[in-house]
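Presented below are the structures under discussion, each in the form of structure tokens.
There are two complexes below, and they share subunit A, which is joined by subunit B in the first and by subunit C in the second.
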Partner chain A sequence: MAIDQELYRPPPPVTPPEGGSWRQRVIPWWPHPNILTGILLGAGGYALGHFLGNVIAGNWARFGNTNMNDVALIIGYLVATLGFLVGIGALNYPVAKIFGLDPPLAKAAPRGLSRYFAYTPDHKVVGWQYLIGMLIYFFTGGMFALAIRTELLFPRYHSHIFNPETYLTIVGIHGTMMMMMMTSVIVGPFGNYFVPLMIGAKRMAYPRLEALSFWLTPPAYIILLSTMLVGGFPTGWTGYAPLANEAVQGMDGYEVAFALMALSLIITSVNMIATIVDFRAPGMRWTRLPMFVWGALTTSVLTALAPPVLFAGLYFMGMDRTVGTALFVDAHGGSSYLWENVFWFFGHPEVYILALPGFAIAAELLPVFTRRRLFGYNVSAAGMIGVCFMSWFVWQHHLFVSGINADMRPLFMLTTEVISIPTGFIYLVAMATLWKGKLRFEVPSLFVLAFYLNFLIGGVSGVFLSDVPVDVTVHGSFFVQAHFHYTIMGGLIFAFFGAIYYWIPKMTGYEMNKTLGWIHFWVMFIAFQLTFIPLFIVGELGMPRRYFEYAPKWATLNQTASAGAYAIAISMIIFVINLVYSMVWARKRSVENPWFSRGLEWQTATPPPPDNFERIPLVLSHPYDYGNPIEDIPVADLRGVPTPAVLAASAAGVSGGSDEIDDPPGPGAGPGDRGGEQ
Partner chain B sequence: MSEAGERTAREMPRALRMGLVGFSFAAVASAVGVWGVGFLRTGPPPVAAKVVRTASGCNAYLTIQTVGSIGYGPRPSWVSYLVQNTKGQWVHSTIFVLPSHCTIHMTNYEYDGVTPLRNNVFGRVTGTVGGKEYVTGDVGSKKYSTSTPVSVVDGATVPAHTFTVPALGINVPWAATTASNLCAVAPCSPKSPHDIDKITFKTGAAGYYRWQCIVPCGLNFLDGNGGPMQTMGYMQGFLAVEQS
Partner chain C sequence: MADAALTPAAPAQREPHHFARIFIIWLVATAIADILIWFFLYPHLAPGRLTSSAHGDQYDMTVLLMCAAPVLFAVWLWFGYSCIYFSNRGTVPEDGAWYERDSVAIQVSWIAITSLIVFGLFVFGTYELIAPAGAGGGEGPSAIWRPPGAPSSSYAALHPKPWKPGSHPALLEVQVIGQQWLWTFRWPQFGGMETTSLYLPTNTTIQFNVTSLDVIHSFWPYRLGVKADANPGVNNVAYTTTTGQTHSFTYRCDELCGIWHGDMIGTGHVVSQAAFYRWATTEEKKLAPLTRHLPPYSLTYTPSLHGAGGGLYPQLDKPTPKSTGS
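Entry: the complex of A and B
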């Protein structure tokens, strides 16, 4: 029991180096690996990889007449990514360790603003990087959405803004970029930033992997956009074979970008699971785990298992397109069904990778704003585990009209309908929490309410779609498109903005402007309905997805949807104005804990200090004990783990079992580890 | 306490720096965005046919050539269509501007060799005046030195490409030369071996009509269906039929 004395002792004071002040040892930002050195080596890596690819495959017959060497392009992308990671310093630590050296510049990690452009093991910096990174992804994908809606303003005849293949590329980049972004949009920023704070840890389990998971996303972004330069890709985000096999070089960028994102997701999830399982503070029992952490955990289980399948599929496709295997080519013994199955075996759990974090945010925020205990905490957590498990048994509902064995269809219709039961658990728990609650209408709670409304429409239309007869009728139409935009954009993105408004005061110490927040919400909410309700109707009338022309009788509905899309863009501009105004211009100090949350993340200083907590807190009670007589019981004792005697008394009385006390700081923890955080 | 003090002292420059970083980022992003929109909007130019109006009606003359490899541009090895503008220059485009309710006299200089059709249905000439095309040159093993009407060809030995406009019911398998020393750089000189294929068809109401080559001629792409077959300016295009 002397362990706490050893572990939570403040670090020894750092003495300035000989012959100079400490200040001089702080090296300026530019010799430290940063995003610019990364870009430099990335560009060099591309040139090198492309050259190598041409040496290897320049005279292969299969590229003879196409004037496109897929081998050179893919090796170029891969070496560029490697070069970027080397340039940003991702390999400094492991390589130095291999040779038994001190990690270069570890003691002189950049401070201030420049650390946000560097490879850093600080989970709060990575959270910020993810937040800004995913917003850039989101806004870029949104620009492509606007391009789609602009093309569809007029049905046909001299009104085309783009060529048909350009339109398909725009649809493909919009879909792929949004899907890549959505998988990380909550767990990336808020998971990395808040999970350690919410479970009472000082950091994530694998800080360097955490940085790696983020720094894989900028190359993925650039590579995906670069597909435009080499002819684009015609498949949309689903990359169906054999269209993908016969597509031009743009397809290679889709493969590499999506694969990098899959890798990033796998790394994030491993880190998240290890952190949540191993790094909980004493007293943070499973039954006290905040719903957001439950969401991050179940999502991470899915992202640990589903993206590897996608990665394998993309690898197969890359092999087909480069060295000439025929895994997806029916004529040579492969099967295009293989791609469809592999893709959706990833793709359907992916749907829940998008849904669960939204539910987690909503369930996390609701008790705070209703001042009520979360109704059925166990049911909600069980629902998440149920969804996590069930989501592996539904993927063939995407293949109902593909010509699969017809006997499979009732089975997958049934499993798809069954998964709405655990989803219903999570949903009804929230409704019961709202029931007779006194809801405070703050900006975050508005976004949460909108989340539930939108998800209701998206979810119920999803139950329709799971029925084979309905799916056979509306498959591949805008009905499907409207359905998943209601669940993903109407669900996840509304939850995402709710989370931004909720947590930004904690992350920065400054308030978001409330009036602008209200305007943002109402413009976005109304514009969202204006965009996607007409698309349900045109889809039901038979308008297919991914076509750049349509029957003139659908013009009014399409124009309404386009107007809605422009209004969503306006709401995003209002959000950016609010963010810049509140964080850079007005800088109004937020009060500590403005929402009166019991969450552990609100108990520490604002913004959180480098190590989150001065001492590892001792969690004393449930995070959602609002409105109970015991609300006065503090959620945690921030003085940390007390002396063994007090500890024993508290463990017997109010708090967690003694087995959780010797919570280790994790493998590999050492003085050098926090170099980047200082 | 000292940390808080330090933060206050650095507050303004920090805000300023954040603003500057944000501003330069926004500037770069909008520049890239503007360039991106321009880039995405690039495509083959619309080229108008030569229109002659007389008391008897409207006649338009559209002259194109098909070449096995264009020889220049970003995809030099791709099979392509070119069209003559009203000044007689060859333009690499597949968007033809035609007047509505007009008789179109279309001439194709076919410099490419034979690529078999996958479905013989498209070996039949449909939608043209008289259901015929008029060929000078090779039709399989037959050789015509004068313009000879043809209404159906053998899909395996005759066509190079097709001109297929589903909305107008037009399908024309362009008869190909059987010579081997084909022109590889457009525009081709009439000294290179070629067939001359002529059709006449009527445009109806104004509209934007898609046309496509049905011969799977994307060499070295899976099933011959990739690359030029999927790209504007190569094996697909539009008839922009304008109100006249």
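Entry: the complex of A and C
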């Protein structure tokens, strides 16, 4: 079942070098891996790469004429990223291994705040790094959204705030930031932090890869923002060729940043899959796996397989733009359809990469707050697996009017509509779990309810888009934009905030302020509807997406949406105030298990100790068995190393052949720690 | 009945029949909503009824709305009802009702109902796509679903029969050429002239041949219920049939194509067949001196370095004194 993690030991203490201890020899700070060295080497790397690019391609006619050397920029970006990773210490271990050296031993793990800026194998620290990183990326993307809504306050000719290049760059950065930087918004922070805790492991399978997956995101973020300095990019997040081929240098930043994120996603998912498959504690059978872990697993399957396709597409684009291959240029034997196909073959699974974690959070939290058994555990997991599988067969629904494979449209209509069957499972599970439960309206449960209501509208409007005749009207319009904001913002982001309110007490030991949480929720929920319902209408009335100027008859609806967007921004400010106030100012101790959850992650100390569990726990029962009157079994025995009697009972349960999810182990199991059952 | 299945050991005490309550509210709400949608929303829904494909899209949208209403109401009512009746507003958590096994009947019927809806929508959508010849969407170079009288091959599309008022079946071919940031139209039945204005006759089946000279655009005359991407080097065909009503319509670009994407708009007009014929023949004569200098009418065009949108790959184009660098 799970490998013996007791074998994992912290590295032996560092022996001081000959002639004295570390402290005696004064070593400046910069040769040590740290973030400032990373930034310095990144900057130096950029200069070096840019110089190399100029040496290689400086006299190419295609660059000489325009003074825009894409080769220099791309090599600059790549060497800068490499320099940053060297500086932060990402390569010490692998490079030492390659040359057959003993890898440099880590000094004692840094304590205090500095460890959050370090390349660290501690999964909880990486979880925090991801959480703060994702919030920064999200708020940055949100600023760009506000800029868009501000520009769209007024229809035509009256008052422009931006020029069209800037506006399109803002649109592109908003989309790219939200769709790529935010891809791991849940699996990054909560997956890395809580998956080991929820499956009873002490760490992730590949801690260095875990650190690398996070530390690839800051360079991607900087590179994406840097596109503004070199003219921006006009394509939006979809990067359609051949518009991308003729775009100015900002396009290169889009390629490199997106490719780095693709790499980060692949790395995260490999780590996540290995951890979930191999590191489950004894007794954590597949039929006891928490729903959140199922979500992390299915999402990771998608993020392992979809981003490589994107990576290839971006590589093609880079080749087109630098050495002059013409993969996307019809006049020279390429095809504009190639990018569309490659992009959406990644892009549609990407959409579900953003939806599945939301499903998972919602299914994880709902039983805790209804205090009722999760209805249809198997159906719930099957729904996620079904969505994961089906999402590979639908990508051409983005191309219904493109003229490619017109005869295949019924097929893609069918597959797209079929995917709503497994998605429907998620609603069956939610509705039956609510029924005759005892729902408590805490801040996290409000976000979960909002998730279901928003995603419903997103999902149903998706069925409209899958219907070709309707798609002829709404394709490429604000209807589409409203649709996917309902699924991603209304779904994923609401689930994300639900998860923050739910797990922050566990991660910090401090309570979030409830009143501010309520205000945050209600302002965000109402403002969200105010923003995107008008956009459904304006799209249905014929306004295309990504418009800089629009007909005056659509002004009122757009202004309503803009007002809603500002209100969302206010709700975000309330959230930040709540976070800072609760964590820095008030610091009110949270009780051990404020939601009375049965989840394994709640059974250990708060905040979790460095090794998560003193011993590998023995999982005894299903995480969602709330209110079982027949046998009140704790979720796990935290005393770890089981007594022979317990082991025998557990083994009997495992090999009993029963697929039932609630079969109790024998009486020898003992009460253990019953954190969940107050 | 669902709630009985969820709680097989339900106590005998009288509890309100929750499921029946929700069902009745749902039935009433659905009936009202669907009646409102059919009688009051349908006639005004986008994109109107000014062409066959627009009317078809409008009908589809209406049917989907009528199917969506019961689904939305079911979930909303269920959630709302549960929040009211199955909630715990106290501070002490209480456990919800326990049950031993997930009801198989509920799971199976849920899957059956959702599958039925999904496959029903698929059959309906496919019929509505094929019967009206592609529902106004771009069908690529060789459309497989064509209206009567439409040319069956690219060759035939290149050499259409002449169009005159009253000729039947009267198919008019219009080539739509997108480029940054402008739409132009070429008329193979009128000497291959190229115009910047768009006039269409009433009661006529139109074949739009949509192509691009540079990047991907998308031709979207909203009121006509037509949308077809303009890909460079590709002829993307879309059909629609105008009604007897004359009107003006706006066409836009629906695929991000650069900074003035939002400005690729124009106004087209559907006029009587006679008026259209007069306009077309007059324009043909007026433009004849210019038409001679255009490249011959073709389904796609490849611009050169010296033409519109050219210059992306100068080293592969014919060398000119200026671009023979290394």
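The working rule: the second predicted complex is superposed on the first by the 603 of 678 C-alpha atoms of A that agree within 3 Å, B and C clash if a C-alpha of one lies under 4 Å from a C-alpha of the other, contacts with A are read in each partner's own complex, and residues count from 1 in each chain.
Criterion: contacts are C-beta pairs under 8 Å (C-beta built on N, C-alpha and C of every residue); 3 or more make two chains touch, one makes a residue touch a chain.
Please read all numbers here as calculations on a predicted model, not as lab measurements.
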item	value
First (subunit B), second (subunit C), both or neither touched by A:305	neither
Which of subunit B and subunit C A:91 touches, first, second, both or neither	neither
Partner chain in contact with A:438 - subunit B first, subunit C second, else both or neither	second
Which of subunit B and subunit C A:62 touches, first, second, both or neither	both
Partner chain(s) touched by A:242 [first = subunit B, second = subunit C, both, neither]	both
Comparing the two partners subunit B and subunit C, which touches a greater set of residues in subunit A	C
Partner chain(s) touched by A:165 [first = subunit B, second = subunit C, both, neither]	both
Touching partner for A:583 - first (subunit B), second (subunit C), both, neither	first
Touched partner set for A:638, first subunit B, second subunit C, both or neither	neither
Touching partner for A:52 - first (subunit B), second (subunit C), both, neither	neither
Those residues of subunit A which subunit B touches in one complex and subunit C touches in the other	61-62, 64-65, 164-165, 234, 242, 245-246, 329, 331, 549
Residue ranges of subunit C touching subunit A (in the complex, touch as defined)	3, 6-7, 18, 45-47, 53, 56-57, 60-61, 64, 68, 71-72, 75-76, 78-79, 82-83, 86-89, 93-102, 106-107, 110-111, 114-115, 118-119, 121-122, 125-126, 128-130, 132, 134-141, 143-145, 210, 214-216, 218, 220, 222, 225-229, 231-238, 250, 252-263, 302-303, 312-316, 323, 325-326
Footprint of subunit B on subunit A - complex, ascending	61-67, 112-113, 143, 147, 156-158, 160-166, 169-170, 228, 231, 234, 242, 245-248, 329, 331, 549, 580, 583-585, 587
Residues of subunit A defined as touching subunit C within the complex	59-62, 64-65, 164-165, 168, 234-236, 238, 240, 242-243, 245-246, 324, 326, 329-332, 335-337, 340, 370-373, 375-379, 399-407, 409-410, 413-414, 417-418, 420-421, 424-425, 427-428, 431-432, 434-441, 449, 452-453, 456-457, 460, 463-464, 466-473, 475-477, 540-542, 544-551, 596, 626-630, 660, 662, 678
Footprint of subunit A on subunit B - complex, ascending	11, 14-15, 17-19, 21-22, 33, 36-37, 39-41, 43, 69, 75-78, 206-208, 210, 218-223, 225-227, 230-232, 236, 240, 242
